[in-house]
Amino acid sequence: MRQRTTGWIALAAAATLTLSACGGDDTPSVEPSDVEAADFPEGSTMAQLAEAGSITIGTKFDQPLFGLVGPDNVPIGFDVEIGKMIAAELGIGEDDIEWTETVSANREPFIQEGQVDIVVATYTINDERKQVIDFAGPYYVAGQALMVRADDDSITGPDDLAGKTVCSVDGSTPAGNIEANYPDAELVTFAAYTDCLDPLRNGQVDAVTTDNVILAGYVSESPEDFQIAGEQFTEEPYGIGLALGDDEFRTFINDVLEASFEDGRWQAAWESTAGEVLDTPEPPAVDRY
Amino acid sequence: MDSVIESLPKLWDGFTTTLFLAVVSGVLSLVVGTVLAAFRVSPLRSLRIIGATIVEIGRNTPLTLVFVFFVFILPTTGYILPLGRVPAVIALTVYTSAFVCEAVRSGINSVGVGQAEAARAIGLGTVQTLSLVVIPQALRTVVPPLINVLIALTKNTSVAAGFAVVELTATGRSLARDFPTDVLWMLGGVAFFYLVITIPAGTIAGAIERRVVFSR
Amino acid sequence: MSGNVLYDAPGPRTLRIERIASIAVGVLIVGFLAWVVVGMIDRGLFNERWAIFTDPPRGQSAEDVWYSLLVRGLGATLRAAAVAAPIALALAFVLAILRTSGLKLVRGPAVAIIELLRGMPVLLMMFFGLLAFGLTSFEAVVFGLALYNAAIVAEILRAGLAALPKGQVEAGTAIGLTRWQTLRIIQLPQVVRLMLPSLISQFVVLLKDSSLGFIVGYPELLRTMQLNYSFFGDQYRLPLFVAVLAVYLIVNVTLSRLAVYIDRRLSERGQHAKQATVLLPAGLDVVETKGP
């Protein structure tokens, strides 16, 4: 509340307006653990973050179930819960997390430039990306699928896409896959998946493609308009992006993830977010490459 | 460098799409802009007010917002356009018309009143006054700023890249992603195609302008 | 509208006809607008969706909606413009001075740089920043806006320099000032004052172009609008759009009016504004040629 008032004054004064995000009215659902910088190897990323007492996490801001932000600027979703869990293990409470929006097209640069400490943003682990950043995880395995209009049964899989218009997000893995493997489909890209929904509803495009769990979120919001067509046709392991070569940090996050798979925190995070629409899956095996 | 040669067909496709957008929206906005200019210099006050209002809104609205309206907002009200070039041409035309109107209007205003008065004094009718005296002079001053408006339009077609049109800039963006080590070359190639249009057009506008100034 | 190039001064009868026609057209226009509004009502566009500004759904407060649009969104838009404008102005001074240099060796490259920057879309320059130089989306927006507008403003300043009476430079030289001193003490202060209206108009252009941040992933006003409708659902697109359009119009029209006001003040105070406007090349569309 205080920050918001400050903001209004800043606007009134037409000042330069450098405002950080506000929010955090809720009581923390994840208590930070009782750790200090000294508990981590000296000079490690963990020690630095614990010392600073804050962390910057990149996530999606427009992805129902995984990372969605309303005007109150409080992100909600499974990715957000995973981020909070990692922060908590560094002794950082959720009020000290700075959430930054990362879109599909800018996740690698954000990590490379050090604008974010980690990215938890429905972020598929792949070899191309591993050349410039490193991944912890996976913490979930999704798969690319197709969403079509509820009354359309002409498409049941990617092979039916020839001559059809498919909508996806610029710079995303699913868009790349369509471009490379299904060249007969006409690909239309926007900056956000939400911008594909109305065109699908209106018949301007025939299908929307991205990961099944993301599509499930949209179907759950408009079941009378949309349906998932057929099965998923790829495997998309979601990882946590971090700076290339920071093996200590990667191992730390992998340990946190494995522990959360064991002690039920992962399942709890799922059930309070994506689990409202989807069944709770088995946690995946972490890949310590 | 080889990757640029390899990507030339794609760049060329992008270039032709950019040209298509520029030419079609250019012709349409010349027509709409001239009609708007006629509104603004009309003897009817209500037409002048509506013309001025449209131009004021057009000049103060970002082009991106015009695109957003035709691509993302209008369909939610039930008016559905096909995706891609159609809304792009409409958005570019709506935006550019306001600037065409201002160029045409200032061209008309640049002709001295004495010219028309002299024409009437020697007994020329309204049509003859306009076609023999006013319009030939107005055209000369109108052409250079109009070329500049069309150059701006050519550059503005790049905004369509954000709205599902694969023109030059969108091609450059996707090529930059396909060849991460040659980003500078790819975008440089895209820049070259724009400059091929804009620099010669600018030079022509400048040359006409100088001739007009001298002939006064 | 006395003394018009297009038609002769109207007599009393024509005036009467014109007044009647004007009212008739006015009624037509109002009728058209009413028809649009009725069409919107028929399509249910005036339903509860407008409550987003007073009582939004999904457990959000109206205050948060306005805060996200006006403070976070508009704030980010103004921040990009406020950072880019001074950089553009500084670069423009350098370019304009080089461009008007007596040495061909200096003038040539300056001309080339200006033409290059003017000839490219701003969006493409932002992509250069983002993809080729690894800038953040904010930096890329500032980069594109600053470079492009530097070239445009350099041309405005050059036109201003050309419009100053020759005697100004000659007087400077006569009292023993160097070229640099003449520029700094005599020419540039006058040029900036003379060109202030054009500079403000160009700032409006810069502010409008900052909306390209929407495409390169900078969370400015349009992106904030998009995040809002992503969160609330598609039917809220129209009210959010109307709000954002209103914000842009208020900010830009105010600035444009300011430019016109300053222009008028300058000519009243006997500055050379009017004279300079006539001397300017017609291609500089930022300067409006005054009507008779």
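Note that the chains are named A, B and C in the order they appear, and that numbering of residues resets to 1 at the start of each chain.
Throughout what follows, a contact is a pair of C-beta atoms (placed from the backbone, for glycine too) under 8 Å apart; a residue touches a chain by one contact, two chains touch by 3 or more.
Keep in mind the model is a prediction, meaning the values are calculated, not measured.
Compare each chain's C-alpha centroid with the centroid of every protein C-alpha atom shown, and the nearest one belongs to C. Ranking every chain by how far its Cα centroid lies from the centroid of chain B, the top place goes to A.
Two chain pairs, B-C and A-B, are weighed by contacting C-beta pairs, with B-C ahead. A separation of 37 Å divides the Cα centre of chain A from that of chain C. Averaging Cα coordinates per chain places chain B and chain C 16 Å apart.
Our note on geometry: chain A versus chain B, Cα centroid distance of 40 Å, whole angstroms. Looking at chain C, one finds that residues 214-215, 226, 234 touch two or more other chains.
For chain B, the set of residues that touch two or more other chains comprises 72, 76, 162, 173, 177. Residue positions of chain A touching 2 or more other chains: 191, 195, 198. Remark: chain B residues 41, 43-47, 50, 56-57, 59-65, 68-69, 72-73, 76-78, 99, 102-103, 106, 108-113, 115-116, 120, 126, 130, 134, 141, 144-145, 148-149, 151, 155-159, 161-162, 169, 172-173, 176-177, 183-184, 187, 190-191, 194-195, 198-199, 202, 205-206, 209, 212-213 touch chain C in the complex. Of all residues in chain B, only 72, 75-76, 80-84, 162-164, 173, 177 touch chain A in the complex they form.
Of all the residues in chain A, the ones that touch chain C in their complex are 4, 7-8, 10-11, 14, 16-19, 21, 61-62, 68-73, 101, 103, 105-106, 109-110, 112-113, 115, 191-192, 194-195, 197-198, 201, 221. Against chain A, the residues of chain C that register as touching in their complex are 56, 58-61, 63-65, 67-72, 74-76, 78-79, 82, 130, 134, 136-137, 214-215, 217, 219, 226-234.
Listing the residues of chain C that touch chain B in their complex gives 1, 3-8, 10, 18, 21-23, 25-26, 29, 40, 43, 45, 115-116, 118-124, 127-128, 131-132, 204, 208-212, 214-215, 222, 225-226, 234-235, 237-238, 241, 244-245, 248-249, 252-253, 256, 281-283, 285, 288-292.
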